[in-house]
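Both complexes below contain subunit A, partnered by subunit B and then by subunit C.
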Partner chain A sequence: MLLYLIRRILMLVPILILMSMVAFFLIQLPPGDFVTFRIEQLRMSGIEVSDNEAQRLMVQFGLDKPPMARYVWWVSGIVLRGNWGWSLQWNKSVNEILQERIPMTVVISLLALLFSWVVAIPIGIYSATHQYSPMDYVATFLGFIGVATPGFLLALIAAWLLFSQLGFSALGLHSPEYINAPWSTAKFVDLLKHLWLPLFLVGMGNTASTIRVVRNNLLDELNKQYVITARSKGLSEWKLVWKYPVRMAINPLLSTVSWVLPGLVSGTVLIDIVLSLQTIGPVLLRATLAQDMYLAGSVVLLLSALTVIGALIGDVLLVLVDPRIRFGRLGK
Partner chain B sequence: MSVYNDASVSVDSDVAEQIPAAEQDKPSVEERYYYASQRQLIWWRFTRHKAAVVSSVLLIILYLCALFADFVSPYAMHTRFEGQQGAPPTVIRFIRPDGGFQPHVFAMQREMNPATFRWTFTEDTSQVHPIRFFVRGEEYKFLGLFRTSIRLFGVEDAPIFLFGTDRLSRDLFTRTLAGARISLSIGLVGVLLSFVLGVGLGGVSGYFGGLIDDAIQRLIDFLLAIPGLPLWMTLAAALPRDWPTLRMYFAITVILSVLGWCGLARVVRGKILQLREEDYTLAAQGAGASDWRIITRHLLPGFTSHLIVSITFSIPAMILSETALSFIGLGMQPPAVSWGTLLQDAQNLTAVAHEPWLLIPAIFVITTVILFNFVGDGLRDAADPYAR
Partner chain C sequence: MAASENSVLVEVQDLKTYFFLHEGTVKAVDGVSFSIYEGRSLGVIGESGCGKSVTAQSMMRIVPSPPGREVDGKIEMYLWENGGGFAEVVDVLQLKPSGAKIRSIRGKQIGMIFQEPMTALSPLHTVGNQIAEAVLIHEQDASKHQARERAIDMLGRVGIPQPHRLVDAYPHQLSGGMRQRALIAMALICGPSLLIADEPTTALDVTIEAQILELIKELQTSLGMALMYISHDLAVVGEMSDEIMVMYLGHVMEHASTDDIFDNPLHPYTLALWRSVPSIEGKLERLIPISGSLPSPFASQPGCRFFSRCDRRMPGVCDATPPSLKEVAPGHKVRCLLYE
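Then we have the complex of A and B:
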């Protein structure tokens, strides 16, 4: 097991190196750079920037060097000094911005995953044990709509409904009066009030597909002979369902973690922009718009890393839970 | 696998069910089932999925509306109406004040609410403005072919805004239809591009195997490991904002296809790997058929239906991605109109609170996506007519 883990982690290294190259390349793509963008902005607001000053800025941010040199400088900074670079737009180190935003991003993704399971598994079990009942049809239909409906558009509509009907502004994670307040019970309750909507929206697609997976798996299990045997021996229906079939039906969910988790990380970006949450999504949008290359590159790289790590976690979980899965070489 | 293998198979009620009731009245349902071509079987199965049939009809109507947007909409998409900023959707009434039946609207009068400093609209019920069909309106070029000014409907002396107006006092109904052109077609064009890439690379990967297969599979693994939206965002940010609409349109399509082909390539490769081992492929190889002939004559027909299904599911994904990019300001740029750019107006919560009709394009996007999913679902059930 340990060997498997070490090998999987070592395999991450080349992927991450490739990703850092892609991220850096992407950020280099736009014509122009941040300093020119910034100078243009200053000029438009009436502040003259001398050529000398412009040159000084270029040198300060390393923009006078060729891209290759800048890439090496950036990556070695991350690996050797833990320094992700300087955000020209926020005038802050990228580390600082990431420290503020990344935890919330991860928390929302993970909670959304948990949320979708907590909602979907009971519904899936109910649907399977009451097949073709009206509630089953309702669940199937809702599941279908949930898979198809885009979260960020629903976020727009939900935010409007909440605002116009209840006067509740779902934007942000805190009400204005709590943003700078220290943590307290009231602030926590306020956070919960704001958190459920993004969790629901981010997790919605996954909730819907989880309902389908659980329902189909459980239906398969319930028709197996051991269930019939157990029933004929007089086991209560409740115990019968929960003892083995449900466990078997839920197991495959773990194998989906490896691609659901990355999907959630990526999926939060848009919803967070719509609901202006304090996560990485809005930061990325503003950074790409302003060509703040170190920040944008770092965010793309980090999101990619989260994706790959999410996949790894999913695979490891599966191996841990299901002893039938052999890790190691694939026989060809 | 195939029903033909088992001569003694009896046609049970399930088989008969696949043939529509009207056709079942004729004799020899059994024979018709066995003589039916694959295409017919797929069609029968598809028509059994009611939601899919209704959805495809609605989608066709939607696409026709987009194609003939100039004719269906009462105004031109950039026309501004003086003094009509943020007007709510016009209410269509059917019974005239004097009792007769005639679809009509009332002119709207705008007043400043002294308490809130917001414009309020009230109906001026003194004069009835009947809705007329095939009226002369602003001139436009019909499908780019000839100039005409005949529009499907219109009202004289008063404006008609089915979906209200936007901040710049333009008719939202007209603009939603105009936006449908870009939003709906980008799905098709984008999928076409992904299709060429996906089938080409997936086919090569599956058929030839070996080193090429490994290389292409690793490339797909890598591309799929990059989170989609951030990749699109950074790529789209690289496009100059002042590009003409058409060039921007194709650039966005290319960007969306960068990841779009991966899924298709997987499907194609998997299917080819499976079909390559079938006896009839080996027979064709033994008979000396060329690779090209085997691929096009023996392998492709074997999974066309599956391809169509995956394409049907990728069109809405494309449409959504374009909407998302344009919505956050990285996709199509005004004055180009797509559902995404229209929704930019709806980003401001207070604006939407006062002018909720700005959200109507979102409903169009959601409906389109759901309709495509229903059609895809029906096609998936129908794709393999011999499967139970």
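Then we have the complex of A and C:
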């Protein structure tokens, strides 16, 4: 196990190097750069920027150097000094922005994943064990709707309904009076009040697809010989289903842990924008549009890192729950 | 019948189990009757798809449903108390397939082993866990520790080496033969009065097959239980059983003592089965496969079901009149118009 872990962790290094390159160079691929973009903006709004001034900005952000040199400078900053660079757009250090956004992003996505499992697994099990029953049809139908409905649309509708009917502002994660308040029970309760809607909306697509995965996996498993063997022992149907096929059917879900972060960032940006959640998705979107290269590159790199680490955690969990992998692959 | 001095354990009467599919109805078992006697063994033989497994599944009430359903008949089970006194007769077809009564019969009165030892155990649980589970289900006062000790003991009895160690093994760590032994241990740990073995050696190679057959035979004698042995291999069934029932497309074609089936087979289908297996003496005879293939399970014909493949068919007679199962000699029944 230890050897396996070490091997897997060592494998992360080249992957991360590759990803950092891709992240950094892809973002600079479109013509233009942030300083030019910014100067253009300033000039358009009537502010005169002298060529000297422009030149100074270019040097300050390293734009006068070739991309490779910039990349090395950026990466060595991260590795050696823990400095992720400077965001030209926010005029803040990237570290500061990441510190503000990443924890909330990770928390929301993990909670949304947990939420979707808690909801989807029982429904999927019920659907599979009561195949073609009315409830199964209802669950399947809701599942399709869940997958097909854009989350941001529901977010808009929900936010509007809550506000117009209940006068409750679902935007953000805190009511205005708590935003800058220190942590207290009241602030926590307030957070919970705001949290369920994003969790529901963000988790919805995943809930729907998890129901389908659990239902289909379980339907496959229910006809397997080991289920019949267990039944012919005299085990009750309820205990049997939970002990044997359900475990087989939900183990694969562990490997989805790693998709959650990129999925959240790419798939739910719109929800985050609509509900003005302080997550990293909207930041990345704007940074990319403005060619804020250090910020965008850092976010992409960090998300990739979290993703591969998530994949590693998922695999390790899978190994822990499945003796075939535990003794087979690792035994050697 | 052959075993009148032994008391009856199970009496199946006119069992009909059908599968209702989109393409039509499969009459997998269509009016089958037989009895199983204490300590005796019944062999069931027939080509694949003849309804042997479904017959066994009906006795355990584990026919996949939907699409399958036992539409008619009776399966009367004679239950005995632990002390030996007679308790009651239940018609298992009247029981709820997931109810407590049938569950107290499964694993306790009837143990069952299957064709696929490779997939018959859960890959995520240890062998010992799955065997001990049967004890915990049927013996409420057994502790986990006792159940485990019983599992180790039983693993030893079925010839698993180092049972103390292998009780904690996962199925994938065992060979096919070892898994089948573990499954036998699981089926027998609660001391059932009947073991149903549904082609338990089909997936194993020949030397392992011989060992498993030996083991089943030995356990049957030492535990004094009845055996229903299902196979498509006539030689194997002959080895294992006191009497043999030949099935074809959901019907019993011939039913007699093993000696009679071997020395005096009557039904053309039984004869054809004989010609399609190598003789035991190893004489170099030409093997003659049964002509034609099994007709579609959806087909229903007015006459004999074997008509299309029979080498002694009487056109105009056999395809018009359905034969009935007749006792042509004491204890020897055959379903064929040649003997009517």
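One rule holds in what follows: the second predicted complex is superposed on the first by the 262 of 332 C-alpha atoms of A that agree within 3 Å, B and C clash if a C-alpha of one lies under 4 Å from a C-alpha of the other, contacts with A are read in each partner's own complex, and residues count from 1 in each chain.
Definition applied: contacts are C-beta pairs under 8 Å (C-beta built on N, C-alpha and C of every residue); 3 or more make two chains touch, one makes a residue touch a chain.
What you are looking at is a predicted structure, and each value in this text was computed from that prediction instead of being measured.
**Q** With both complexes overlaid on chain A, does A:Q291 touch subunit B (first), subunit C (second), both or neither?
**A** So A:Q291 only meets subunit B here.
**Q** Once the structures are superposed on A, label A:P150 by its partner contacts, choosing first (subunit B), second (subunit C), both or neither.
**A** first
**Q** So, does A:N95 touch the first partner subunit B, the second partner subunit C, both, or neither?
**A** neither
**Q** Applying the touch criterion given at the start, work out whether A:S209 contacts subunit B, subunit C, both or neither, answering first, second, both or neither.
**A** A:S209 contacts neither subunit B nor subunit C.
**Q** Answer with first, second, both or neither: which of subunit B and subunit C does A:M248 touch in the superposed model?
**A** A:M248 contacts subunit C only, not subunit B.
**Q** Would you sort A:E237 into first (subunit B), second (subunit C), both or neither based on which partner it touches?
**A** The second partner, subunit C, only.
**Q** For A:Q225, is the partner it touches subunit B (first), subunit C (second), both, or none of the two (neither)?
**A** After superposition on chain A, A:Q225 lies in contact with subunit C alone.
**Q** With both structures superposed, pick whichever of subunit B and subunit C touches the larger number of subunit A residues.
**A** Result: the larger residue contact count on subunit A belongs to B.
**Q** Which subunit A residues are contacted by subunit C in one complex and by subunit B in the other?
**A** Subunit A residues touching both partners: none found.
**Q** Please give the residue numbers of subunit A that touch subunit B in the complex, ascending.
**A** By the definition above, subunit A touches subunit B via 15, 18-19, 22-23, 26-27, 29-31, 144-145, 147-150, 152-154, 156-157, 159-160, 163-164, 169, 171, 262, 265-267, 269-270, 273-274, 284-285, 288-289, 291, 296, 299-300, 303-304, 306-308, 311.
**Q** Over in the complex, which subunit B residues touch subunit A? Could you list them?
**A** For this pair, the touching residues of subunit B are 222, 225-231, 233-235, 237-238, 240, 316, 320, 323-324, 327-330, 343, 346-347, 349, 352-353, 356, 359, 362, 365-366, 369-370, 373, 377.
**Q** How about subunit C: which of its residues touch subunit A in the complex?
**A** 60, 62, 64, 98, 103-108, 111-112, 114, 116, 119-126, 130, 133-134, 137-138, 170, 172-173, 183, 186-187
**Q** Considering the complex alone, what residue numbers of subunit A touch subunit C?
**A** Residues 223-226, 228-237, 243-244, 247-248, 251, 321-324, 327-328.
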